[in-house]
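Below is one structure. I have some questions about it.
Letters are used for the chains, namely A, B, C and D, taken in the order the chains are written, and counting of residues starts over at 1 for each.
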Amino acid sequence: MIIHIKKGVSEKIINEIAVKYHSTVLNETDKTVLITPYAINKIDDRYHKFVSETFVFDNDIQLASSAYIKDKREISVGKIKIGGNVNNTVVIAGPCSVESWEQIKMTAELLKSCGLTSLRAGCFKPRTSPYTFQGLGLEGLKMLDAIRNEYNLTIVTEVRDSTHADMVIEYADVIQIGAKAMYDHGILHKCASIKKPVLLKRGFGATIQEFVQAAEFILSGGNPNVILCERGIRTFETKTRFTLDLCGVAYLKKYTNLPIILDPSHAMGYAYGVPDLTRACLAMGVDGLLIETHPEPQKAKSDASQQLNHEEFKKLFQSLLPIANSIGKTII
Amino acid sequence: MIIHIKKGVSEKIINEIAVKYHSTVLNETDKTVLITPYAINKIDDRYHKFVSETFVFDNDIQLASSAYIKDKREISVGKIKIGGNVNNTVVIAGPCSVESWEQIKMTAELLKSCGLTSLRAGCFKPRTSPYTFQGLGLEGLKMLDAIRNEYNLTIVTEVRDSTHADMVIEYADVIQIGAKAMYDHGILHKCASIKKPVLLKRGFGATIQEFVQAAEFILSGGNPNVILCERGIRTFETKTRFTLDLCGVAYLKKYTNLPIILDPSHAMGYAYGVPDLTRACLAMGVDGLLIETHPEPQKAKSDASQQLNHEEFKKLFQSLLPIANSIGKTII
Amino acid sequence: MIIHIKKGVSEKIINEIAVKYHSTVLNETDKTVLITPYAINKIDDRYHKFVSETFVFDNDIQLASSAYIKDKREISVGKIKIGGNVNNTVVIAGPCSVESWEQIKMTAELLKSCGLTSLRAGCFKPRTSPYTFQGLGLEGLKMLDAIRNEYNLTIVTEVRDSTHADMVIEYADVIQIGAKAMYDHGILHKCASIKKPVLLKRGFGATIQEFVQAAEFILSGGNPNVILCERGIRTFETKTRFTLDLCGVAYLKKYTNLPIILDPSHAMGYAYGVPDLTRACLAMGVDGLLIETHPEPQKAKSDASQQLNHEEFKKLFQSLLPIANSIGKTII
Amino acid sequence: MIIHIKKGVSEKIINEIAVKYHSTVLNETDKTVLITPYAINKIDDRYHKFVSETFVFDNDIQLASSAYIKDKREISVGKIKIGGNVNNTVVIAGPCSVESWEQIKMTAELLKSCGLTSLRAGCFKPRTSPYTFQGLGLEGLKMLDAIRNEYNLTIVTEVRDSTHADMVIEYADVIQIGAKAMYDHGILHKCASIKKPVLLKRGFGATIQEFVQAAEFILSGGNPNVILCERGIRTFETKTRFTLDLCGVAYLKKYTNLPIILDPSHAMGYAYGVPDLTRACLAMGVDGLLIETHPEPQKAKSDASQQLNHEEFKKLFQSLLPIANSIGKTII
């Protein structure tokens, strides 16, 4: 349950109410918001006068709920806005991992040639095996920093675990929390204490309920800029890497107020299916797309099979424009 | 492994080869096709001269494989063709169940008003509970027959189990095998012995491999007209009824030669998500869409929550046309 | 909701009530049982005097619910009783498929040497591929018949689809409905019209709710002798064939009144894991175990990898006796 | 691939080989072990003489593979040994969370009364919701420390994320990595740098392959003391919290060299099913059991529904002894 406390109520009273109802306290410019872990049947008479409004929810999705804030939140991805009343679909593209200066420069050129502004690339890779490439770490972040300056790009990069979260937060424009880190309280708490936008990926074993509750950790900690990213869930089907859950996306569009970005590359796991899936994702009417592309996918140090080469990416990109047009979206 | 036997080889020889290699025999107009359960390293010298061509596959998908027949099969859905070089996306719509003469007539009028020609409605419902509406049975089939004649429509209707398969085969233009019946050998064998097109739905617990292998039962029995229908698989996510597997569809498009129709209504289970999902399905570039619509969904005797009302359907239909146009498809 | 109608109420009145409440009617020796698809708030005053008892359930599990009949049903498997107050765990063993007279005779000898009485073997195999062995059909049933007579064994064998259901019902002592046929209404209805015990396997994509509802089809049609069989569900894990759902078994033990038999062989898919799993299943305190064993598993025409050879079976069988003893069960 | 380098080879040479084959280097007392990310067809002639033995694996499970070390590793849980040739099944019990001094003291008394020595209780809870109890943190660890000293108990407690990993490592005797943290590289690397035993729980969305690969991070970093813990995976079945994967356990027993502990409490999610499941787990022949028990489960601040009360625990414990005896295990 969410309780809005009127402006001007003393901190002492707010604390009293918060303690009484086991609430999380969120200070906003124009009001104080208390969030309780359960619905309160009747607020104590003593406190009634301090309360301006209350919101009850049928499950533990609260700040992210469209029953709380009806309109989709507007969030900035660099100079671009998504969500809100803006009909933008941002295309964020780049390789799985930063591998070399040349590779990342070629990616920047590709984006520029398409008129795109958002580059994705990982420096801390949450690999399944300890024996394979684990990412360039800080060295990679510094390369991304240089590229940002040179090409005026927005950098989206991933934090793998809490040990380097501060570093990623410093270098990234948009902090990506990877699927395997969705439950990482250390990361969630750090991302809650900043204002930079956070691209939160759904854990591949996480329900939508849990996914949005992970977003609640960030929102209730004070960062309102959370973007949800569906990237495929794990099912019994193994011909493809994961199963992109567009039914779940329909649910998120209706029941939450957070912008949604889709990642068909990780869902599919194979480049051949990415173009069709990307077009389907776009036609769902979402706020963004995350596409993996690499100058030479077959030489990639991670996710080699699912990255488009630059020619394939350009061809896909061209095919998106008329679809966007037909549904009233602007690719950006 | 598939072995093509030259035209003119005697039945006796063909039988000898078939027995030797445990083959299924499929007589086509221009050749005899033997399908073996495993790859044969080297065909016996005695038989070599009778063989015109051989095809080896890396799994037990054979006749349906794009490695056997490269181009998508062209199949008729009534007067409309799908697959092949025809860029049609057929929209098949109607209620979950035939409930009354008036309901089915209103549906026919709706289709006509949109310029559509294919009506779906079930008479034998594979319900989960024995205590709810089980369908009108033969009475329903007769109503569909009358509607077909009056409105010149193509009738797509479902067979639930082998006991009434002959009846459905007689009345339907396209025989739908429902998700729960995908493994029903009785139905598969009966559908193999006819030439009417069969819309085979993927079992919600079936892998793509098993799905296509079910199609192989029909194809190898002599009916080449099989259309695959993805309608959502069962996953851990329960906010939606099923999870539409578009990654799987990308696989089917690449690795099989069968046309594909998608059913977003059953996948989603809730009407609110059907329009977005349908647009996504269309943008995948598939051969058809199966949409549930009912004059008064809230009064429907089955699947009440997921059927669009006729206004919603028309609005959705209008939104499909520009998307189809943008990807080079014709809605029909 | 279940309504018990007092003895002696006229058929006319019963029909009136049944029609009013959309009920399924089940005539039992001492009462008439009406089962409605939903709970009725208040039974009409006119009918109140005819009603002896009512039972409301929180989901559509009714006749099978332990809230309706508290004690587990006692069901005969040949001369053996399971369920009720009998602490028996019946071990039903045999090959996946009847393949030859010699093979099935060796199996009978094995059972006899262990003091067991129940033989399982399939004649109609629901294979995934059309190109592999599909079972001996009626010929196999006749072999089982002869073995029954010669060795005084109880025959458990599977019906694959409705086309041969009558045949299997005639020859089997216990009719097994396979996992892929769990939803087959044709089979369920036929099994509802007899009194022979039915071993209903859970579909590998079916929830427990659906599984028990399939049993309701048989129970509400008039056959009270349904045994549930858990045999593994399909999950994302592929190192094993399926995932045996013992958590689900704990639920079934608590919330239903039907005896439960477990099939570790199909769940595991590999012989190496069957002994440990079988011991675990036994320690769950269930009513029976279904174990695949073959004189020469490597030569089996189906399920070769998961069948124990006869030596392995005997060794496993010996290890079960002390565990059964430690939990108060009798292996039979 | 694992390469054993002979004793006495210079560090320079070892480094050369390691670099050449992209190897992880593990210094053991009697040899140096290089682990490569892929199999090498032929080791370079120059290096051949330095190599004592090589091991090739068919997947990326290496140090944990029973193809590398045939016998199960022996690992200490406090004063108790598990694995190896010791037929112990350690029972680790206690509440989900440390909540109060009295609660944890009562738990210690319970363990003592059963002759058990290992207490589990969490201080950093990976809750799904930000609005509920998150654990006592350091205060809880200090309470566990005091209890250890007073009762001479082994403390098993959980690390939630990297931010407090050092703290948990300091206080715990056995570091538990929770299911949601299985992929946390920060934690895995910290646990690799110590020698305390690590109880690694399988992520509920993780395959067995990924689970054992997470163990490889710890093993290859230098800590040989990893215990695997299966605690239920997420499936489509929602009547129970998770699905305990005993088929997977059979695989782990055969193909890895790591001791295995099972957690039926989290798998089931409901106390009623825990006793039957625990007996099944024991009969699988595993090295340990993790059971949640709380003096007053209905008042528990987390996992209230699944914890046994102390009477139920004692009754369950008594029932385990004869089963353990019947399979040659000692409960400890």
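Just so we're on the same page, a contact is a pair of C-beta atoms (placed from the backbone, for glycine too) under 8 Å apart; a residue touches a chain by one contact, two chains touch by 3 or more.
Because the structure is predicted, anything quoted here is derived from the model rather than measured.
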| item | value |
| --- | --- |
| Identified repeat of the C-D interface (over half of residue pairs identical), from B-D, A-B or A-D | A-B |
| Chain separated most widely from subunit C, comparing mean CA positions | A |
| Between subunit C and subunit B, distance of the C-alpha-averaged centres to the nearest whole Å | 32 |
| Inter-centroid spacing, subunit C versus subunit A (mean Cα positions, whole Å) | 48 |
| CA centroid of subunit A to CA centroid of subunit B, Å | 37 |
| Of all residues in subunit C, the ones touching two or more other chains | 205, 209, 234-236, 238 |
| In the complex with subunit D, residue positions of subunit B that touch it | 234-236, 238 |
| Subunit C-facing residues of subunit D, complex | 205, 207-209, 232-233, 235-251, 253-254, 267-270, 272-273, 276-277, 279-285, 319, 322-323, 325-327 |
| Residue ranges of subunit C in contact with subunit B within the complex | 22-24, 35-37, 60, 62, 124, 126, 128-132, 134, 160-164, 180-181, 183-187, 189, 203-206, 209-210, 213, 216-217, 220-221, 234 |
